[in-house]
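Reviewing the structure listed below.
To keep things simple, chains are lettered A, B, C and D as they appear, and every chain counts its residues starting from 1.
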Amino acid sequence: MKSDIVGLIYTGENSERLRDLTRIRSVAALPILGRYRIIDFMLSNMVNSGIHNVGIILQQNYQSLLDQLGSGREWDLHGKRAGLTLLPPFAASEHSYYTGLLDALKSNLSFLRRSKERYIAVTDSGILYSIRFEELLAEHLKNEADITLVYTKDRDARRNGVGRYLGIDENCVVKHLEVDPSIPRYENTYIGVFLVRREMLIDMVDRATSQGFHHFTREMLARFLQEGTYKVCGYQLPLKPWVIDSVQAYYHANMDALDPTVREMFFDKDRPIWTKLRDEMPTRYATGARVSNSLVADGCVIEGTVENSIIFRGVTIRPGAVVKGCIIMQDALISRNVEIENCIMDKQTTIREGGRLVSTAAYPTVVPKNLTI
Amino acid sequence: MKSDIVGLIYTGENSERLRDLTRIRSVAALPILGRYRIIDFMLSNMVNSGIHNVGIILQQNYQSLLDQLGSGREWDLHGKRAGLTLLPPFAASEHSYYTGLLDALKSNLSFLRRSKERYIAVTDSGILYSIRFEELLAEHLKNEADITLVYTKDRDARRNGVGRYLGIDENCVVKHLEVDPSIPRYENTYIGVFLVRREMLIDMVDRATSQGFHHFTREMLARFLQEGTYKVCGYQLPLKPWVIDSVQAYYHANMDALDPTVREMFFDKDRPIWTKLRDEMPTRYATGARVSNSLVADGCVIEGTVENSIIFRGVTIRPGAVVKGCIIMQDALISRNVEIENCIMDKQTTIREGGRLVSTAAYPTVVPKNLTI
Amino acid sequence: MLQKKQCVAMLLAGGQGSRLGILTRRTAKPAIPFGGKYRIIDFPVSNCTNSGIDVVGVLTQYRPLELNAYIGSGAPWDLDLNNGGIFVLPPYSTGKDGEWYKGTANSIYQNMEFIEQYNPDYVLVLSGDHIYKMDYAAMLNHHIKEEAAVTIAVRQVPWEETNRFGIMNTDENGNITEFEEKPANAKSNNASMGVYVFTWDKMRAYLIEDENNPKSSNDFGKNIIPNMLNANEKLVAYNFNGYWKDVGTIESLWEANMDLLEDPAPIDLHDRRWRIYARNVGLPPHFIGKKGEVINSLITEGGVINGKVTNSVLSGGVVVEEGAEVIDSVVMPSAVIKKGAVVRRAIIGENAVVTEDAIVGEKTGDIAVVGNNTVLSAGQKVASGEQAGE
Amino acid sequence: MLQKKQCVAMLLAGGQGSRLGILTRRTAKPAIPFGGKYRIIDFPVSNCTNSGIDVVGVLTQYRPLELNAYIGSGAPWDLDLNNGGIFVLPPYSTGKDGEWYKGTANSIYQNMEFIEQYNPDYVLVLSGDHIYKMDYAAMLNHHIKEEAAVTIAVRQVPWEETNRFGIMNTDENGNITEFEEKPANAKSNNASMGVYVFTWDKMRAYLIEDENNPKSSNDFGKNIIPNMLNANEKLVAYNFNGYWKDVGTIESLWEANMDLLEDPAPIDLHDRRWRIYARNVGLPPHFIGKKGEVINSLITEGGVINGKVTNSVLSGGVVVEEGAEVIDSVVMPSAVIKKGAVVRRAIIGENAVVTEDAIVGEKTGDIAVVGNNTVLSAGQKVASGEQAGE
C-alpha cells in the first residue's frame, strides 16, 4: 500500500578524501557494485518501502545525477501524482552552495510544504545501506518520538576525528550527541538518516534558521538535545552500512560485495535495486577467459584473467591481461598483456597494451575518467 | 517516421521588459493561452515534426521549467533511446550565467557530440510560433544551405532599436544581417530559430570561440556572412509568430488568440500542443455566469461576468465580479463584486471583495504571483 | 519474477451493457464518456490509484479496442509501471480451444494465473459501471482487521428500491447473515455496491469449487457469495456513505451527469486530494464566443460555444453553433450542434452531428439519444425516449 | 482522436507453437527466452522501435498472460506512449458471440478497427518467431518508392532448403511474378521472411474479400498473396542479407543461441546503434565464484557460477553449483544446476532444477529439454532428444 512518508535525499556533501572519484560527480552518483550508483540504493530502499514521493536536493556537479535519474521511470517514480522532484540549487542565497543540510532544507521548504505525506525521511548520500522505512516508521511511532535518528553499532562506521555519535538510553532516547570527536565516546554512529513528522521538520527548520544556525546536526540537533525541546530517539540499522568517505572506504565496500553473505544484504529478491538501464547484451566469455571470485556486469567481453574484482558494464578485458583486486568501471578497456592490481579504473579509461599498474589494497590507485595510460 | 533532427531549446535570455512576469521564471516557462507555457509550443512543434531527441539549455530560475517538463511524459519524450535532456548551467565557467547562445552552446558541446542525428534545430524561447521542422529541413536541403535561419515578414515582429534583420536575395541566400538597428532596413525579422548540420555547428562553435566571440548572431553569424564562410539561407515562417519581449507583447499575443483564425494557427488537430496535466474537472458555469469572447481552461468556477479574457486553469470568479480584457492565471481568485479590466493576474493571486483594478490595454497592470490585493 | 503485492484489483468491465442501447453498440460500457472529460472507467481506476492499489486487471470480452486505446500504457492513472500497472484481460486459448467468459466468477477464474503472478494476500473486485469516489484502502484495512473471508461494500438505498439490489442482512457486528438478490420484501436496505475484498486463498478455493460445478452460472452474486455463506465463512459488510450511482441505463447515465450540476455537487470532482484522472486529448481551452451563453453547465477543453447552453454537461471538442440551444442534456466528445438546432433532455453521442434546425428530445418524458457518429438530417426530430442512429 | 501514423506494425504472435514442445506448453512462443537476456519478441519489437515505428499490435490468442506481463506498459522498448504504443490484441466479442482467430489474415481482419484508429498509409506485418535485426524503415521506403501494393522481404536460402519455404520468383525489376509455397523444385532460392509491407487501402480490400470467401483459410501466404498476384497487383521483393533465423523448433532455437557464441557472432548484439531492448528484471551483476570456470559462453545478470560452463548461453539468475557442468547448452532464467549434474546439448527451461548428479543430454544427437518449472530427481537421466517435464 501507499506510504505516508515522503523521501528526501541530500546530495550536497562529498568527502574530500574521495578525491578524483567525486571531482566530476557527487558522491550520490558514484558508480558502485558493478552496475549501480549509490543513489540507486537510496531510491530503491524508498520505493521498496512504498515511498512514491521523493525529492532530491542537488548541489554541485549534478549532471551525472540528472543522467542517472532520467525520468525516474526505472524506479516507477515518473508519476504525476508523485514521483521524483529534482531540487536544484538557486541563487536564492548569494553563495551558490548550501553551507549544510539545514541551509538546503531551508531553501527547499516549499517542497516540504507541498508534500502531502505526514512523515518525512531524510538521508545523506555518502553511505551505502539497506533500510525498511516502514519499520523505521513503526519504531518511530512505538517510541512516540518527535524525531528518530538512524544509527549503527558497526565498528567500520566509526572514525577518529570525524562523524556523529549518539549516546542512547535503554528506551532508545538519544541523550548525547558528539560531533567529530578525536576518539568517539559512543559506539552508535549516526548515519545521517532521520525520520520526523513533516510539519515538525518545517517548524524545526524555521526555528533553527531564525536562531542563525547553519548546521542541522552540530548546531540544531545539538541545541535541541541540550534544551530537551523534542523527543529524539534512535533506530538501530539492522544491517551493516558502508560509509563511503574515502577512496579506501569506497574500495572496500565494493570488495566486500564479493562475499555472498554481504551480497545477500544488498540484493534481497523481494526488494530489488533498480538502476538506469543500458540494454547491454550478456557478457561474453572467450575461450581463454579465466575469471574467479568476481562480480561482472553485462555487456563485457572477457578474454583475459580476472580475479577478486568488480567489473562494470561494457568493460573489455583483452587476452593476456591480468586483473586482480580491481574495480573497473563502465566502458573501460584493459588491453592485451596488461597487468593491473588493486586499482580503481573510472569510466571510459584505457590501459594500453602491455601496461602495468600495481598498487596495494590499502592505497588503491585511481585512474580518473576518460584517461588513457 | 523518425526525424534526423535533434532539437535544442535555449531558455537563457529574458527581455527585461517582461518585468514581473519573468522575475520568478524564465520566459520559456511563461504561462500562455489559458493552459500552456511557451515551451510547450516549442516541444510540441518538435514532437509533431517527428523529433524525439530534445535538449533544453537551462539558465536562471529554472525550477518552474523543471516542474513543467517533469518526466517529459506528456510529450512522449520520456524514452531511454532519446527524449528530453535537461542541460543545467554548471560552474564550468566562473560566471554562473551564459553570456549568450554561443557561450551556452560551447558549454553544452558534449550534448551536441553525443546526439546521433545529422541535423540540429536550435530555437530561442522568447517567441511563440508554429513550425514544421520537416519542412524547414526540406527547404534547407533544397537550398543546399550550410545553415538556414528562420525569419518572418510579419510587421508586428519588427522593433525599432532591437532585433535581428536579414537581407535575403531571390535565391533565399542571406546576404546581410542587421542587429538592433534604430530603424530596421530589412523587413525580414530573424526569429532566433535555425537549422544546421550537427557536426557543422560543433565546428562553428569551436571556430567562433577560438576567435573570442561570445554572441552567436551579432559576432559569429555576422563574421561568417562577411567572410562568406558558409552558405547561410533563410526560411520564411509560413504563419505569424508572436515575439514575447514585453508585457504588452505578451498581453497582445494572448488577446489575439480570441480570434478564431489565430487559434486555428496554433491548434491544428493533427499537431496537438501537449502540456503538463492538472487533471482538473471541466469548468463549472453557475446560473449567474455571463461569459463572452473568452478562452477558458478547465477547473474554473465562473459565477460572474467575463468578457474578452483568457482564464487559466483553476480560476474562481465570484458572483458580481466583472472581468474584462484580462489574463487571469492559474488558481487566481476574483472575489465578489470585483471590477478588473486590462490586467494580468499572475498565478495564485487574489483580489479581495469589492476591489477595483482598471488599466488600459496599452499598459496592462501585472499583479505578481501569490499577491493578494 | 514479479514483486509481491498486498492487493490486486480486478475490474469486471462487463459485457455489452445493452441497457445503454445504441451508446454501447460499438463501445464497451466502461469507455462511455461521463461528466465532460471522463470515461466511466476513470472512476474505479482513479480510486485504485488514490488508494495505492497499483495492479488493475480489466476483464472484458466485448469490443475492447476503444477501451484498450483509452487505457494505453496506463499513464493517465500513474499505472505505467515496471512493477504493477493496468492490464486488459480478455479470454484466451489454452491449447485446443478457448472459452469465453461464462460469468463474473468465471472471468476471474480464467485469470487466476494473472493474479498469482503477484502472490497477493487480497483481491479487490470492482465493477465498471458506477460513479463514486471510494478509498479502497480503508475498506481493505477493515477487511484485515475483521479477518474476513470477504468484505462487501454496502450502502443504504431507499426502501422502495431494495427490490432492484442485492440486499445484505447483517448481525449487530456487521457480519453478513443473509444475502437476498432483488428481494420483494427486503429485511434491510443495505445494498451491495458490487465492490468486494476477498482474501485470495479463500477466493481461489471457491472459484475452483464453483468452476467444477457444471450447474453454476459462475457469478459472484448468484454463486460464490451464497456458497461462502452456506459454508459459514466470515462475510463482513463495509458501510459506504458517499455518492454512488449506477450508470448502467440511459436514464441513470443522464441523471448522474445532471447530479454534477447541483451546487454543491453531491460528488466533488474539484477535490485535489482525490483526483479523478482521465486521458488527455490535447485540446486547447474552450472558447465562449460573443453570442455564447452558458448557464449552470460544465464545459471542457476544445469546446466552442456560440449558442446557448443551459443545465448541460458538454464533453471535449463539442461545438454549439450560433442560434443552437442545448438544455438539460449531455453532449459527448466532438459532437456538433448546428445552427438553429435544439437539444433538450437528451444524450448526444460522440462525433454525432445535430444538423441545422434538428430537434432532439422534449421538455418532459424519457431521454432522447443520438448515437455515436450519427448525423441527423436537417430539421429531423428525435422524440423523447427515441434513439436515433444505427 | 488519435494522431495519424504513416505505418502501423502488426505482429503475428501465433498460436501454441507446438514444435517447441514442452517449452510452449504454458507460454506463448514470443515470450520464450533467448540469448541470455532476451525474449523472442524483443527482436521484432526492438526493430520497430529502432525503425521509428511506434504503433505495434501484437495478435495472439494463446496464453497471453506472460506475454502481457512481459510487454507491460511497453516501457522497455520506449513504447509507453500517449500517441502510439504496443497493444496486445486478442480476439473479442462483438455482440452475440466472439470468434477465435481463424488464420493470420483473419486475425488482422478482426483488428481492422485498431488499425484504422491511426489512419495509416501502410501496415507492416511481422511474425513473432525470428531472430534478426532489420531496418523496416528502409524496407518501407523501398515500398513507397516502388509504389507497390505489397512488398515482401526475401532472403536467399540454400537451394536444398527451398522446399521448406515460401519461394518468390521475381522478374528483373524485383517484381514478384510467382509465389510457390514449399516447392519441390524451386525456380529461385528467394524465400519469404514473413515480413510484409502492405499499402493499407489494398490490404483492407483484400482482407475483406478474403473474409467473404468461406472456403479461404484466411492466411497471408495461402490466400491473400496469391489473390493479389492473380489480380495483377504490384508485388515487390525486398532483399535482406543480414542474419535471420527461424526459432520455431527446439533444434533451431538451440542453434540460434549457439550462433551467438561464434566470434564474431553472425548477429551483433553489442551494436549501440541498433539495440535489442528487453525487460529489466532488477538483478545484480553475475558472480563467478572461486571454483567457477566459464569458457566461450554468455552469462548475464543474477547468475551465480561456481561450476564449469562451456559453450553455453545462460539466462538471468541461473545458478551453476560447484562441481556441476554445463556444455553446449541453453539455460533459461532462474534455472538451477545442482552439484555434480551434467547438462550437455540441452535446453533447460525457466525455474527448472537439474538436481544433484542428474545428467541431461548427450554428446551427440538431438537436443534434450527440461521443461519450465520441472524439478528432476537426483541422478535422473534425460536422453538426447527427450523432453522431461509435464
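Keep in mind that, in the parts below, a residue touches a chain if its C-beta (ideal position, glycine included) is under 8 Å from a C-beta of that chain, and two chains touch if they have at least 3 such contacts.
Just so it is clear, the model here is predicted, and its values are computed rather than measured.
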Between A-C and A-D, which chain pair is linked by the larger number of C-beta contacts? A-D
Which chain has its C-alpha centroid farthest away from the centroid of subunit C? A
Distance between the CA centroids of subunit B and subunit D (whole Å) is 46
Separation of the C-alpha centres, subunit A versus subunit B, in whole Å, is 39
Give me the residues of subunit C that touch two or more other chains. 75, 80-82, 275, 280-281
Touching two or more other chains - residue numbers and ranges from subunit A: 73-74, 78, 80, 272, 274, 277, 279
Write out the stretch or stretches of subunit C touching subunit B in their complex. 35-37, 75-76, 263, 269-270, 275-278, 280-301, 304, 313-314
Flag every residue of subunit C that touches subunit A in the complex, lowest number first. 3-4, 6-7, 49-53, 78, 80-84, 137, 140, 273, 275
State the interface residues of subunit C toward subunit D in the complex, per the touch definition above. 1-2, 15-16, 25, 60-65, 68-69, 72-75, 79-82, 85, 87-95, 97-98, 100, 111, 113-114, 117, 280-281, 333-334
Which of the residues in subunit B end up touching subunit D in this complex? 1-2, 50, 73-74, 76, 78-82, 116, 270, 272, 274
Counting only contacts in the complex, subunit B reaches subunit A at residues 60-63, 66, 70-73, 78, 80, 83-84, 86-88, 90-91, 96, 276-277, 279
